[in-house]
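Across the two complexes that follow, subunit A remains constant while its partner is subunit B and subsequently subunit C.
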Partner chain A sequence: MKDVLHLMSMYTKTTAKAWFQYRVDAVLKSLAVFLREATGIIVIWFTLMKFDNINGWNIYEMVFLFSLLFLTYGIMIIFFTGLRDFGNTVRSGSFDRFILRPRGLLFQIIFVNSDWFAALGHGGLGITLFLISAWKVGINWSLTNALYYIFTIAGGVLIQGAVFLTLATLNIFMLQTNSLKELLYWNMRKFAGYPISIFNKAIQIFMIYVMPFAFVNYFPAQFLLRKSDMSYSEIYMYLTPIVGTVMYLAAYLFWRFGIRFYKSSGN
Partner chain B sequence: MSLRPYLAYAKKIFLNRSAYRFDNVMGIISTCLQFFIFWEIYKALYGTSTDIDGITMPMVTTNFILSMGLGAIFSPDDYFLPSKIWDGSIATEFLRPISFKGRMIAENVGNALFNLLFRFLPCLIIALFTVGVNAPASPAMLALFVLSAVLGFGVLWTISFAVQMTAFWLINIWSLITIKNVLINVLSGSMIPLWFMPRELTAILNFMPFSSVYFTPVQIYLGQLSFEEIMLKCGIQLAWIIVIYLLGDILWRKGQKKLIVQGG
Partner chain C sequence: MSFIEVKNVSKTFKVSRRRAGAIGAAANFFVPKFEKKEAVKNISFNIEKGEAVGFIGPNGAGKSTTVKMLSGILHPNSGEIKVGGYIPYKQRKAYVGKIGVVFGQKSQLQWDLPVIDSFELLKAIYSVPDDVYRKNLERFTEMLDMSGFIGQPVRQLSLGQRMRADIVAALLHSPEIVFFDEPTIGVDVVGKETIRAFIRELNRQDGVTMIFTTHDMRDIEKTCRRLIIINEGEKIYDGALSALREMYGTTRRLEVAFSEKVDLPGFENVTVENLENNKKRFTFENNKVQINELMNRILGEYNVRDINISEPDIETIIQKIYTKKEAEI
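Then we have the complex of A and B:
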């Protein structure tokens, strides 16, 4: 166990060093990611200066809804960059090296690389938005609510991690899955910052049952904010950690199954 | 100076783009979704009211489809120069007997024509059948809209041109380009119709080139401007093109002397 922790910290140190080799550039890149991701919420901020609320959600509540999305992605990408870029690892054949090392494959993929610019950009944005909104939306930060929040974040991280792990496993079978990720993950994520109640039924169903972003931010925010646009059973508000755990376990089993079929792309 | 080699470059890019069918389908889906999300947001914002400050929902819809559609057409290649500096191929570019800037424009125009046919038109047709789009105010306004849209492309292109030239000094300008695109997305009216921008911000925006890109053509299309206003606004577009181009050109001249080729 001590050995594992040591290895983790070594890996983290070396990747952080590599990413921050050019310091000014690194700061600028994190800032650029921060601003690029903030575009959506800046637009909503200006819009709501004119319109006051969207389906009953005021500006701070919208900021809170967005913050969950970015916070979970920021944490997720520290661990799952290796899975996001897994396609390249397989195509370039460097996955073969991992197989030869005396450590778990998933362990290596997770700790060998972290996209720190994305982590700082998304995570920083998430924290900023949280600090702006958390005390203005009328949440009583009691112990129960705080615990609920922590479990929700963990669930949200696992949900998105499971999606990345599943797509990474598909790489073993089809080598090229970037377009599938673009279609399923990134396109649906564009909807995820807004209360799903403004969208038509088909999108809502997709966001709950297919690419369950609704559990990352909408349902948890509903638990804490109790908005009147909620048309689903209250049970949904408590499911995030469960959905996350189940999805992650399923993705992990799929990975274990898929890895047996790995064939090197040659070098 | 013959135009033939430039036409060949434009054609080459056009054909290149047609080869990636799946990419193109994804591009159409992505543009449509973007439009659709903002349409849903504004439908929720409007609720039961028919017009807000004299702006109706169909006008908002038309603004989004036109400005996002134009955005999909324009999309200048922000990495045209930087990518050639990174891999050193800029050195051979200078040896060619044609103008580098001319080639840059030619490739962007070829790209824009491709996007017009395979991004804008499919999205426009989908929008026509699903949400409806206002007809242009009059045939004359449609013609002026096209003229102003071409000028808008000019403004967007010169901004991209000027930003790219900083690559001679900064080499890696991904961050700068990303920040530039954020400014354009937020301030040009493609995500917030500029009618609804906070008043203080509108005052500042009058001194910036962003509203020239999409909002001027949209206003002309909807018939919101008198003939004199159109002439004035198109004049402003032209002025921005000249100012930003000259700025970029100074950088271009200085940059060539400064050029560092890495490997190559």
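Then we have the complex of A and C:
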């Protein structure tokens, strides 16, 4: 155990050192990610100044909804950069090197690399949005609510991690899943910025049962904000940590199954 | 029981066959066509502890696939592999801690960081004890003359320096077996010599078992006594390097410079070519023609200015083996 912790700290140190090799670039890159994502929010901000609310959600409540999305992604990408880039790792043959080291494969993929630019850009935006909205949407930050919030964030991280792990596993079979990720993850994420009640039923079902972004932000926000557009059973508000855990375990089993089919990409 | 046992191992890849043109590409998308490619066909060999074995063969012969199966990256489709009591692809974690692999074409060092940082990380990955690490690092750094650049970022190193650092990286955990996959590729003559000398030393002094793939026959000549040749997935030679010379290297060339213009009678089993300046070249097989008889006849009957015998170099022999194989098929 001590050995594993030491290795984890060594990996982190190595990533950080590489990061500091290009200090200015690092800061600019993080800022670029931050601004790119913030632009979308600013557009909504100005739209709402005209319309007042979207399906009963005012601007601060919308910002709170967004903050969950960015915060969970920011945390997730610290751990799952390796899975995001797994396609490249396989194609370049670097995965062979992981196999040659006496450590768990998933452990190595997770800890060898962290995209701190994305983490700071997304996470920083998430924190900013949270600070803007958290005390303006009428949430009583009691101990129960705070605990609920922490578990929900963890669940949201696991849900998105499970999606990345599943897509990474598909890489073993198809060698390229970027377009699938674009289609399933990034496109659906654009919907997830809004309360799902504004969409038609098909999209809602998709966002709950197929690519369950609704559990990352909509249902948790409902628990804390209690808006009147909620048309699903209250149970959904409590499921995020469970959905996250189950999805992650399923994705992990799929990974274990898929890894047996790994074919080295050759020289 | 040998240290490394490979018995009737085969490996087949499924490769998708691409059809040409836009329609072909569309057809590929809907009905992908797969072909089976046999990369390795029924190969067997044993290697003893402490041996250094060279693996050669033309591109695509199956060398890399064999090395990847031996190191546990790939599963064989059939046959058995056992190394030091382990089945590489089944007992991965326990096994890979005992081997070292150098891919000449793929560095395992951190590109942006000083060499020493990669070494420290590897120490943690392999849980190398402090004293072993320090001892290995000091010794290898000195043997490969690396103290001048160990603190420099990898991206600033020359290819030769990078390769030396990569070799040390694969050895810090004192592996019992080391796989070298083209460890001298792209390195200049001096650098190659340093690397070969180091590898030889490691094999002789530490008794490390080694498997060495390369296209540069000189690498093999300088480091390995035994040679395995693979072509089109099959093992076509396995034995001592010197025996190969005896088996295939029977051609001899005798170049004689005569002091005057001469007319020679025909010699049996000898081809004679005329070169400029009254020089003639005699080519023959040394198992068909007695070299001393031939020379006696020439030296006894004519005035000779200069004489020179040559045997084919190992490259020529290997070339002959490859092409012979193709001619049979």
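Rule of thumb we're sticking to: the second predicted complex is superposed on the first by the 266 of 267 C-alpha atoms of A that agree within 3 Å, B and C clash if a C-alpha of one lies under 4 Å from a C-alpha of the other, contacts with A are read in each partner's own complex, and residues count from 1 in each chain.
Here is the rule we go by: a contact is a pair of C-beta atoms (placed from the backbone, for glycine too) under 8 Å apart; a residue touches a chain by one contact, two chains touch by 3 or more.
Keep in mind that this is a model prediction, so the values were computed, not measured.
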Putting subunit B and subunit C on the same copy of subunit A, do they fit or clash? fit
Is A:Leu7 touching anything from subunit B or subunit C once the two structures are fitted on A? First, second, both or neither. second
Give one of first, second, both or neither to describe whether A:Arg84 is in contact with subunit B, with subunit C, with both, or with none. neither
Considering only the touch criterion stated at the top, classify A:Arg103 as touching first (subunit B), second (subunit C), both, or neither. second
Looking at A:His122 after the superposition, I want to know if it touches subunit B, subunit C, both of them or none. Which is it: first, second, both, neither? neither
Angle at subunit A, subunit B to subunit C, CA centres, as a multiple of 10°? 90
With both complexes superposed on chain A, which partner does A:Ala32 reach: first (subunit B), second (subunit C), both or neither? first
In whole Å, what is the nearest CA distance you get between subunit B and subunit C after the fit? 8
Where on subunit A do subunit B and subunit C both make contact? none
Enumerate the contact residues on subunit A facing subunit C in the complex. 3, 6-7, 10-11, 14, 17-18, 21-22, 93-94, 96-97, 99-104, 263-264, 266-267
Sort out for me which residues of subunit B touch subunit A in the complex. 22-23, 26, 29-30, 33-34, 37, 40-41, 43-45, 52, 172, 174-176, 178-179, 181-182, 185-186, 191-192, 196-198, 201
In their shared complex, subunit A is touched by residues of subunit C numbered 13, 64, 68, 71-74, 92-94, 96-97, 99, 101, 103, 105-106, 108, 110, 112-113, 117, 120-121, 124-127, 153
Contacts from subunit A onto subunit B in the complex sit at residues 25, 28-29, 31-33, 35-36, 38-39, 42-43, 46-47, 49-51, 54-55, 179, 182-183, 187, 190-191, 194, 198-200
